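This is the structure, below, for whatever I ask next.
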């Protein structure tokens, strides 16, 4: 029983990591950059939802789509203002930019009087709902996370595998010059990718809010999602989910069965082991350069 | 390729048409280094034009400037009468001009088939795209064989075939070809030129060709430009150019045995 | 040589707060509390005719920046005294800088024992340590609840460890030990395995070395899985955010505390008046941290007045040697200082969340 | 404008390329040595921090800027150095011996990280070092008998050859000397075969290998050297701060270090110094500027992060080569005056190419 | 490794095969490269020529087969060597797609080529002792010799990133020569060069062979260059050997003509019939 309950909490925690990792992978696939701002975008999404619901008094079912759309637009604008001017520079510059964006977003949110420095709770309709199956307890919050993660993963996977748009995004991340030569609107796709990533972050933020509360530092959970993305293989969407689950379960079990202190380092130890055994993660492509 | 033929414009045989592409006094530079200095050239609809020139003459730079990859310092580029100087490269492709770059530049991690489909990114006529895919597979059967393989793992020559095919998939009005025969076997080189000529004849696609294999280029092309140190030093119909002594000596390798002996002897280029 | 930080008509005080780090919410409130008292004092003509000037630096809860800030305050702004510096590690890092320049570390906002131990004539501390809070409160509550198996979950840093050690000392005195000990890392959001561990161990009393979100997370997870022991937190968990965020599930939580949370609709009239004054001035609800800030400056003013016109580090210490600070409107314990006694008081009270509000449920627990 | 006529190969090998450089760098050294005479104590302390961070920056520059390996866990090496120094000097070991051990142990740890890291590249390497950083930080916190755990541990003032360096000035001069030595070592490495091997690996691993460069060895070496520098920096840091605790060596510190060299200018030794200068002066500037702003902004908790982020973004957007790049432009402008032409440094369209296939 | 029977043989590949997934890129290929000769591999695109190079320089490991190398003092099986040791044995190569150190100057590239000849260790480098200084001057001298030899003076201090394609080819050759190899592997040295430059390349290859005494193994598509400089030619197709012999013999081999050269018909057939060309307006 204990084991089952631990498994369930591991899975639901893992889905959270997976959900955030989806955002990383999305940006990585489309631009080859690793976005350090993903956690902050998620935080912003949660605050956006909070503002819509508590300040403007939107009902939950209106606030959620509104937040997702607003964050999607925010992503597009962000790309236009900050990322686009250096499009084409080495990705490392973009990575640095995302760190800067992360700082700015966190700073700005903290500057909001009152709620910025506080820990706030998001009034979701399914708060405190529990699902009991004999001794196993599942909270609605966790179930929603698990469901949403699965759906998002499928949608994004289909986008990259089957749609011309998705393939073109990958093409422009691999060889921007050639993408221009082929008439692929690299800049617009880039904007789209950032919009999508922000929207995904918003979903993650909204789903996470009832579990971890809404506060300016909630984005730091992204640091746990990195191991998830790496274990799964950075460029793989299903990998993000599987990696998230692995990390979630490892955390859950090591917290219970291993001595103190292992719970928080276990994910990183798993990452190091994984990189030694399979340098490209579980689902990562094996990269060979042909000369 | 007949299916797509109706969609593309017919060559304007016989009458003096407005040039499809016109460069006026174009000057491009990489930082402080000027690579081309005041180049003017024209490409007529339906013709094959060739640009010859030695290493570093600026041939690639001209093509890059035309397709918007490099912004010229001075001068203008016109396509079908409209000014496209320093336009967004993707927008230029949508106007019907596609560039086969030097060094292949395939999407290394995409499959061969996806690479080809990316060539057709600007097209929305699905059926015609499917037909054109069959056509290029017909030209280069190896691509069909490797359709699912990552393009980065093809051999050099196979990648070159892919790069050319990818451009053909765009069904453009004008193709800029940068050294299409690079790394191809003698037999394939010939085939490539045959294909180029065929596309030009059958579809009326205009072609601007940069090529080191001057013999091939001058045979296939209608009009030629010779570029040295970023300037056009000679131009004319290919039949005329083929007969010039300098061209013969420096580009076709037909040298006076008496002057150029067994061991190294370099004659200074002076343009008459 | 002239006393640094004191002129004919000003006294310059310095404080380092976390204004951008994980404790930014608290740091800001301490700062506002201090400012409220400074302004009051200056309106009334200052201390012996000297206006108070408060220099605030931000450490972002980073010891390195705390040192830089301390260096700035001590060496450049020439402060007379460091008051209410937040954070244990930050204080530890900054104190050497202050002490080489003979600058007192007055009432840091941390309940670590290092703030008065080992003895240094320049250290003064006011807060009952987490260690003492739990050490004194635990036996009382365990007896009251007739608890058999005491466990603890604590934040894996100096703060959490102090709580854990306090409980350990108390249990040792009672002849037992923790049944189960679990910890988590700062910033953790998931406590399921820790709670599962305690549940599996059959704990009926849990000492919480947690702050806000961790308190809520732990109790929430426990309630969810049907695990209902008695929870006891330290003064770090005594904030109104617990019940505001955690809702009904938090009812029943005990926490030790010294000063009361100043609710705007508090029954006690002076607290209500103070809280509303604060709210009007800063447009924010006050919290215990605002009260700490306010009290720290208040205590400083008392001592400075006692030291008299000739205010120097030495005269201040002399005044503190016989200092007695009576209980204030928030119900703090009487604090006394002496040449060797540098902690005002180690007493604390117990309070419990009842119907979504903190209620004081015991008087100061005497050892 | 200056024209250089090269008359011998040895001329290319000199550190200073011409008399002007000798003059200016000489002057700089002189100023730095004389700084305690005219610098208030507070600013001298800041300058000491700049030097310490510059040492760490030099090491990270070698790794990231010259070998092309990005470490997101560099604070761990800093920490290893700091703790080693704290423990050893605490046991009464002489300063330089402890310093040597701090460097050595950091280097050893660097090798340990470097070894598994050899198999991974790019983002994966970043993540491996990130993970490693977390583990080391946790190690500091858990190994209480040695490190004092999360309570942190106090560090004494250094004692060199019997002299206690307890004044700001003496410690500053010590740091200055060590920084100078470290800089010289880096400059020497970069103009010798070892440094070239690093650069080769950065540009093309495959052809570096075909030139006979042992990739694993040189990558590990780069890690080790870089860690050793961080270790030296960490040791000095410990003495300067006199109190170390695990959370000082967290991921945030690692990111700060990375930002430092990026803002300084990746791939230049100057960049390490300019970056350190920037990293230390930034909070000062912000707190100076604070008082000019309205209270609602100036005293807002988010200001620091906001400014930090904006400055970083501005640098990446407008000055991708960092402070050093900006300096180059100013210098060229001065040298070329009045011949400087607009557009000489105009940025061209550039096109990103996958790093995955390097 | 036993000494190969013929002491004339520098490199002996025996029964090399390598498979990538479904593709048998090289299939049971054997050949010898003799001391001092120019040995050329030809074959249609995708025949496996570059793969053979990659096997020799240990970028790939063969599925089966051995490569015996007879250095002056050592006889080793190359397939047992680590990739970075190959250069040290005296084998240098160029790449089909040019792999230079883009962000370094030409001179710097050549100096990196001197890596295996480095004479000093890490500690000496750190202190830049006089020994290091002297070694550096020697490395410069050698690099300058090569620069002179290949007429690169003009580009000595330019960054490789800005060089035209043809010059890069030459720089790559120069870098390979800097290692002072015994065997030089050239992958399509003349691709991207015009007729005149190809001729220069031919002269250089001859000089390398005759004056520097370096054996050359080369992949090339330009048959005029091949016939001019090669001593022996090996033709491959689909990973297998088709023909081996002198350039003339191989070019006459029907299999080679069929798969590689194409029937020698007139290029003039491409020409447009006179009069049908689109008219140009007078300039």
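Here the chain labels run A, B, C, D and E in written order, and each chain numbers its own residues starting at 1.
What we mean here is this: a contact is a pair of C-beta atoms (placed from the backbone, for glycine too) under 8 Å apart; a residue touches a chain by one contact, two chains touch by 3 or more.
Values in this document were obtained by computation on a predicted structure and should not be read as measured data.
Following the contact convention of this document, A is the list of chains adjacent to both subunit C and subunit D.
Of the two chain pairs shown, A-B and A-D, the one joined by more C-beta contacts is A-D. Farthest from subunit A, judged by the mean position of CA atoms in each chain, is E. The greatest centre-to-centre gap from subunit B, using C-alpha centroids, is found for C. For the pair subunit C and subunit E, the distance between mean C-alpha positions equals 74 Å.
With centres defined as mean CA coordinates, subunit E is found 28 Å away from subunit B.
In this assembly, the C-alpha centroid of subunit D lies 41 Å from the C-alpha centroid of subunit E. In this assembly, the C-alpha centroid of subunit A lies 48 Å from the C-alpha centroid of subunit E.
Shared contact sites, meaning residues of subunit B that touch two or more other chains, fall at 30-31, 69, 108-109, 152-154. Counting partners per residue, subunit D has 138, 141, 206, 300-305, 349, 351, 354, 356-357 as the residues that reach two or more other chains. For subunit A, residues that reach two or more other chains under the stated contact definition are 107, 110, 113, 117, 174-175, 177, 180, 216, 261, 264, 287, 289, 291. Touching chain pairs in this entry, ordered by label, are A-B, A-C, A-D, A-E, B-D, B-E, C-D, D-E. Subunit E makes touch with subunit D in their complex at residues 57, 59, 82-88, 92-93, 95, 99-104, 108, 111-116, 118, 120, 122, 125-128, 132-133, 135-137, 139-141, 144, 175, 179. Residues of subunit A touching subunit D in their complex: 28, 32, 34, 82, 85-93, 96-97, 99-111, 113, 116-117, 173-177, 180, 216, 223, 226-227, 230, 234, 261, 264-265, 267-269, 271-272, 275-276, 279-281, 287, 289, 291.
Interface residues of subunit D, counted against subunit C in their complex, comprise 40-42, 45-46, 49, 138, 141, 149-152, 154, 240-245, 247-248, 252, 280, 283-284, 287, 299-305. Chain contact summary for the complex, subunit B toward subunit E: residues 11-17, 19, 30-31, 33, 42, 44-47, 52, 54-57, 60, 102-104, 142, 153-158, 160-161, 179, 182-191, 193-194, 197, 212, 214-216, 219-220, 222-223, 237, 239, 250-253, 263-264, 266. Every residue of subunit E that touches subunit A in the complex is listed here, in rising order: 50, 54, 59, 95-97, 99.
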